[in-house]
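Consider the two complexes below, in which chain A is the common component and chain B and chain C are the respective partners.
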Partner chain A sequence: MSGTEARLARVRGRALPRSHNARTIAALAANPGCARRAIMDAAGVDKQRIAAYTGYPAPFGQSRFALARGTAFEAQVKASGAAGLLTLLREHLDLPIPEAHYDDLNDVGGNTDLTVRYAATRQKLATAVTSAADAGTMFDHPLLRLEVGGRHAFLEPDLIAFQLRGRFHVVEIKSFAVIDGQADGDKVAQAAIQSAVYVLALRQALAGHGVAPETVADETILVCPKDFSSQPAATSVDVRKQLTVLRRQLSRIARIDDLLGQLPPGLTLDLDPDGAGVPQRKPAGLAAAIRAIDARYAPECLNTCEMCFLCRDEARGTTARLGRAAREELGGVEDVPAVLRLARGEHRPEEEGDLAEAAALLRSAAALRAEILGEAV
Partner chain B sequence: MSTLISLARAVAVERELAQPIRTVRHVHLADRPLVFIPLAMAGEANAPLAAMLGDDPASARLLTVAEPRDRDQRFAFAAELAGIVLGYIENSHAPQLIVPNPAGVTFTRLLGRSTRFRRTSGEWAVPAGVPLLGRWLTFFSERYEHPASSLMVAMTGALTEHWATGQSPVEDLSLGAVLGWVDPPSGMSGAQAAAAAEDPVVCPPAGPATDPTFDNEVLEPRMLAIRTAGLTGDGRAYDRARQAFDEALATQLTPVWAMMWRAVDLLRRVPEAGHVRQRWTDDLDAVAWHAGHIGEGGPPQARRDGAVAAARRLANMERIQEMVAVQRAFDDPLVMAEYRMTGAAFAGEVVHAEPDRVDGSGRRRVLRPRVTLVTSDDVSEQISASELTSPARPSQKARVVSLTAAGDQCRVTVELKGGMGRSLTPVPGSVPAVGERVCYAMVSDSYQNPPALPAPEDTPWTHGGPPPQYTPADDEAREDWS
Partner chain C sequence: MGEPVVELERRIAALRTALRMAALAGEKEQARALRAELRAAERAWDDLLAEDEAGAGAERPAGTAESPAGTGEGARVTERPGALMPLREQVHEALSLLTVPAAPRLLAAVHEAFFASSFPTARVTSLKRDEERSFRLAPYARPYYICAALAADRLAPSRGLLAVSTWPAERRMIGSLSPRVDFLVSAIRVADAIGRLPAGSLPADRLLRRFAANIPGVPVHSATVDLRMVVQAAQAELEVHQAADSRVRRAAARRVRELDDVQQLFGARFGEERVSG
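After this line comes the complex of A and B, so read on.
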């Protein structure tokens, strides 16, 4: 075990590691400056459990109704060797697919070791590229790997990589409805960034075998229920923009080694289970350990990160808590009390510059509010 | 958002209470609005689970669907809903639909979409009233997109348009939290009330999404009990299970119902802005037009607009958006303050006035009074070169004739034209007098013509040519809703 791995294992403690997935990578990429999330994810910490233990349970859960619908829809699409999916691809995307093999990579002769499975996935994918056969192949559950913060994260997507004539298409199955060709914008955006994660990981997996990145199409295929029915329909999603964003954001995530170097030695998020597995650690102590890792809170975290309530509480009195737009409009000043001192003219920056400009704007805004409401800000 | 509104958010953080960002109410409130709180089943495509609705705070109607995945039950729900909504529209001369949040509008729009193409006869018949309900729900949700309309209101939007909370726009989507900031219960600060409202046990979410823990721990077992009782044919057990299910949903909806009416009261206490009445009259014209269209046997709204209809709609929206923005500024000094911040308006006190000044330089002698005011606002070069209007005298035009800096302030002299009667002596009160506070802005609320667009039958080939006459197709009537 390398020094980094040992240090991450120590941060995680005795809990079982959680693996990255496209959702966690997309969330991290949305906020690349957050060391707290980067370290907790790299260490495989169960953030949901840790957040609840410190008294800040995550605000989002999943309804069993939604889970059931998601599972049922995916099973329906993948039934009998994904025959339905093949028909869809043929009709909706006008692909000349006479037939296709279905290859489930979930299991490599009973071997569940990630490294072994990853090697097997790469081998099979690379062989498929070079084979001249006319028939397509659908690879279900390929095990992929992506470099995040200088460290490899394994991804186990519920995903189909469809290969035809040496070209791969990422197929994502989602259970939100596409009604009259339109779907919930947030959900489509999320699906697109997740697909981009898979495109990138697939390209990295093939790169080692000398396969060019263009072999994996940057147009992915989204399979969703059509209108108000449960009939699947396929839509092409161009993820070029998401790929650019993702590459830039991933490059901005600091190296995990460097982040670990800034932590107090011996820092751990271990719950200190007793013989029966019951946690003995004091929640306040655990919270203090978490706070020793820098966070960068933004209100968007409320929809994506299990730690959000703890971080939001920590961000009390900051303009970041009011959202990125508000923070910018308040001249980028970090604290609310500092904003109000500037607005009231109690603090007049001496030097010319951005702060003086922001202060002038805040003073005018305060004067206007006072004039109109008849009450000082 | 703007610096002014963000500053109000900062003040709200410090005072732990929402701060006003408007001095008057820019949304109309009908005498008896229909409050509609829909709940959807998680994971399904807009499957109704329950709704609480009514136009009287003292009598809420609760509708529930024991098995939202069952087509017949969904249409039974739609039929029952149609009975209430259509009855309300018919009996109310000024109908208005109020839902808790923007997601409630989306739910309503999709419910309209999934019901308006149905037929009440033939093989795929649905109960009477269902397609009509769909057309009206579609109408209301389309009006929501209309910048001048108050026919459909999302309550969180109406509240945050008038108050700034000490939280972010993401958190402002929660009705409980916003209401907590604006109107905390006694003994609590707004911040505390908002924090308390985040506990779904204390304050159930305002829908359409339900609390996942409620789904898993309360709803699912009760749904199962209904299904089991149905299978065993035990009528009494079924009734009991059904009642328990309804009671569970009532625990989620009743607190939201109370919040909605509290919010209506809060908004009513803010005096209505000047231009709201005219916009509401336009709204009622639209209602009458739609009722007439239905009465004449017109088709339901198409799935998608044609090219010309879409372009016309977009251009119209942009024009109306600008018009409404100016109307708001003219109605409300706090909105006009946004223009003053950017140098598009200034305000100050009149220190000198020549109300009887006559300009004799041209062929005809004309009345051209001049007033001088002192302002602390920035008077930009752009504004001194523009034609200006004052909210207090919208039919009068003003032009800057001189500008002198005096310390932190500025002396501006403007020359006035129009709105003073026909003689060479101004009508009393038509020229600002010394001591009066006046505001001049680069924008005016005068009417602008809609943009010229071809008639639908002249759609150019670049835009797909003339669209075919829209006729509802059979497959739309029998579309799956499962």
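After this line comes the complex of A and C, so read on.
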């Protein structure tokens, strides 16, 4: 283990490590085959900074205004012992009136150390299940842990609600509006997969105390501002599908050791800062080091990964850049010129097999296109 | 202004120099990369400064207009009576009305509703620190202190809640049901206070509505919220929680007496509380 740690530290260089969070796990699970992302995340590399340094600054990142709005909305919902949220839960889960406990897990007696908070969270939640007495309804900012690619990542859901006769529900507070019952599909999907990450982590945390996984509901609660007001509204989100996907993807994320084994031995993404913190490394050299790690680009990366522009540039001329659906349709042929050669019949695969089949399909597609448009491809 | 800002400034200066050198040497790629670094550093500097500003703004008096008014302009005083009072007295007034521990934001809203002046909540953080310092220097020299509410399990200061030192200890203990109980008590106190007002006021009405919306059994969609209904509904729910809550609070209050005087009022830090054994 220490060998892996040392290797990852070398990849990261002298910069401070960044840790996984629900967002990065969700992004990783969306593209589990990407070694570049897996290694950079495992090493805790500041991808935003590296991407900007190599000349491919990420198109996103959370805006300061969005963060402020999110924080303000969460504070509003959680004000006065989460009174607003309690009302929503009572309406939504038929929470009995005596269930009005509120436990603040943001710190443990003023201590915000992650390990201490994690231990306190586990103990509190386990007591809530096992003890007969009322022992908690709302847990504010519990701290959970999930193993990703052989390393632990700490996670902090907005809130976990526990219903006496029922189960734990993960509550996610988001500041995007639900207007007339409709919300931005992408944002809901992202919130759903984040919630699924929390559900999984919560199940793992409780498993250590002999609590069955079903105790954590696979239906999570999304709290958003309603219409054009700042009035909160709750919606149930079924994350069963996301959970299946996530579990499968997490198990497929190759063990980080195997990935590290394939890297050139001295590889590092260090910016080589001098005494004053000015990076001395040549951007081209850094980009070359990044390219030494295999990436699997898909257009979806543009929504989730800071390295996306670099990878997209690298993937020029490949079928991957056309999206997963197109890539599969094209019969697994890797680059666009090869596809065109097959379609034009300039290249006819000798042996029978997938390639020959793809070639036949492409040729007939080209013929159809020529017939309709009256010109050759 | 903290050390990190100075550190960042040094880094920004170094980055600028490096950028100029790279540009002069015609190393376009390096220059572009350094420009990205510089921009990130400048953004971090902006953020840090904004934080410091928020903190420093808290030290200044609430408004410039009030400060020279101390000479005794009678008309002005009656117009905005609360504005001339020190922050700790404003907080004390609001806490005394609610009779339970509360967060700065709620206290500011209460003060605005009933004492016709509000205060910036950012200043309250430093108030608590000042109170603790003053208590450490000369214990019990003041008739009351604005102090912390304590989490019942570890007797550490409960995040963001303020209380008054002269209250019985158990009222300052916060168990897991206490936030709800205190919310309901606050609702009743606010409704009572509105009943005593000679005429309705918009901030008071808004405050009551905020409470009423989160108490089951109070219709809030009508033009006016029925005060009696709020009190009744709050009392009904209070009855459900009160016994369990006071058990926890009383037990914690017994333990808190074993702490030293400062810890009793401002809370034990993690690891310190073992004094009680």
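Here, the second predicted complex is superposed on the first by the 344 of 377 C-alpha atoms of A that agree within 3 Å, B and C clash if a C-alpha of one lies under 4 Å from a C-alpha of the other, contacts with A are read in each partner's own complex, and residues count from 1 in each chain.
Assume a residue touches a chain if its C-beta (ideal position, glycine included) is under 8 Å from a C-beta of that chain, and two chains touch if they have at least 3 such contacts.
A quick note: this is a predicted structure, and the numbers were derived from the prediction, not measured.
Colleague: Looking at A:366 after the superposition, I want to know if it touches chain B, chain C, both of them or none. Which is it: first, second, both, neither?
Modeller: It touches chain B, and chain C stays clear.
Colleague: With both complexes superposed on chain A, which partner does A:152 reach: first (chain B), second (chain C), both or neither?
Modeller: The answer is neither, since A:152 touches no partner chain.
Colleague: According to the stated criteria, A:348 is in contact with first (chain B), second (chain C), both, or neither; which is it?
Modeller: A:348 contacts neither chain B nor chain C.
Colleague: Based on the superposed arrangement, let me know which partner A:302 touches: chain B (first), chain C (second), both, or neither?
Modeller: Once the two structures are laid over each other on A, A:302 reaches chain B alone.
Colleague: Considering only the touch criterion stated at the top, classify A:227 as touching first (chain B), second (chain C), both, or neither.
Modeller: first
Colleague: Touching A:279 in the superposition: chain B (first), chain C (second), both, neither?
Modeller: Once the two structures are laid over each other on A, A:279 reaches chain C alone.
Colleague: Between chain B and chain C, whom does A:70 touch in the aligned arrangement: first, second, both, or neither?
Modeller: The first partner, chain B, only.
Colleague: Could you look at A:100 and tell me whether it touches chain B, chain C, both or neither (first, second, both, neither)?
Modeller: A:100 contacts chain C only, not chain B.
Colleague: With both complexes overlaid on chain A, does A:323 touch chain B (first), chain C (second), both or neither?
Modeller: The answer is first: A:323 touches chain B but not chain C.
Colleague: Which parts of chain A are in contact with chain B and also with chain C?
Modeller: 64
Colleague: For chain B, which residues are in contact with chain A within the complex?
Modeller: Answer in residue numbers: 1-11, 13-14, 20, 23, 41-46, 106, 110, 113-114, 166-171, 198, 210, 212-213, 215-216, 219-220, 303-304, 333-334, 337, 340-341, 376, 479-482.
Colleague: Can you check the complex and tell me which residues of chain A touch chain B?
Modeller: 59-70, 175-177, 179-180, 184, 225, 227-231, 299-300, 302-303, 317, 319, 321-323, 325-326, 329-330, 336-337, 339-340, 343, 361-362, 364-369, 372-373, 377
Colleague: Where on chain A does chain C make contact in their complex?
Modeller: Residues in contact with chain C: 48-49, 52-55, 57, 64, 79-84, 86-87, 90, 97-98, 100-104, 106-111, 116, 134-137, 271, 274, 276-279, 282-284, 286.
Colleague: How about chain C: which of its residues touch chain A in the complex?
Modeller: The touching residues are 10-11, 13-15, 17-18, 29-30, 32-34, 36-37, 39-40, 47, 102-103, 105-106, 151, 154-159, 176-180, 182-183, 186, 213-214, 216, 237, 240-241, 244, 267-271, 273.
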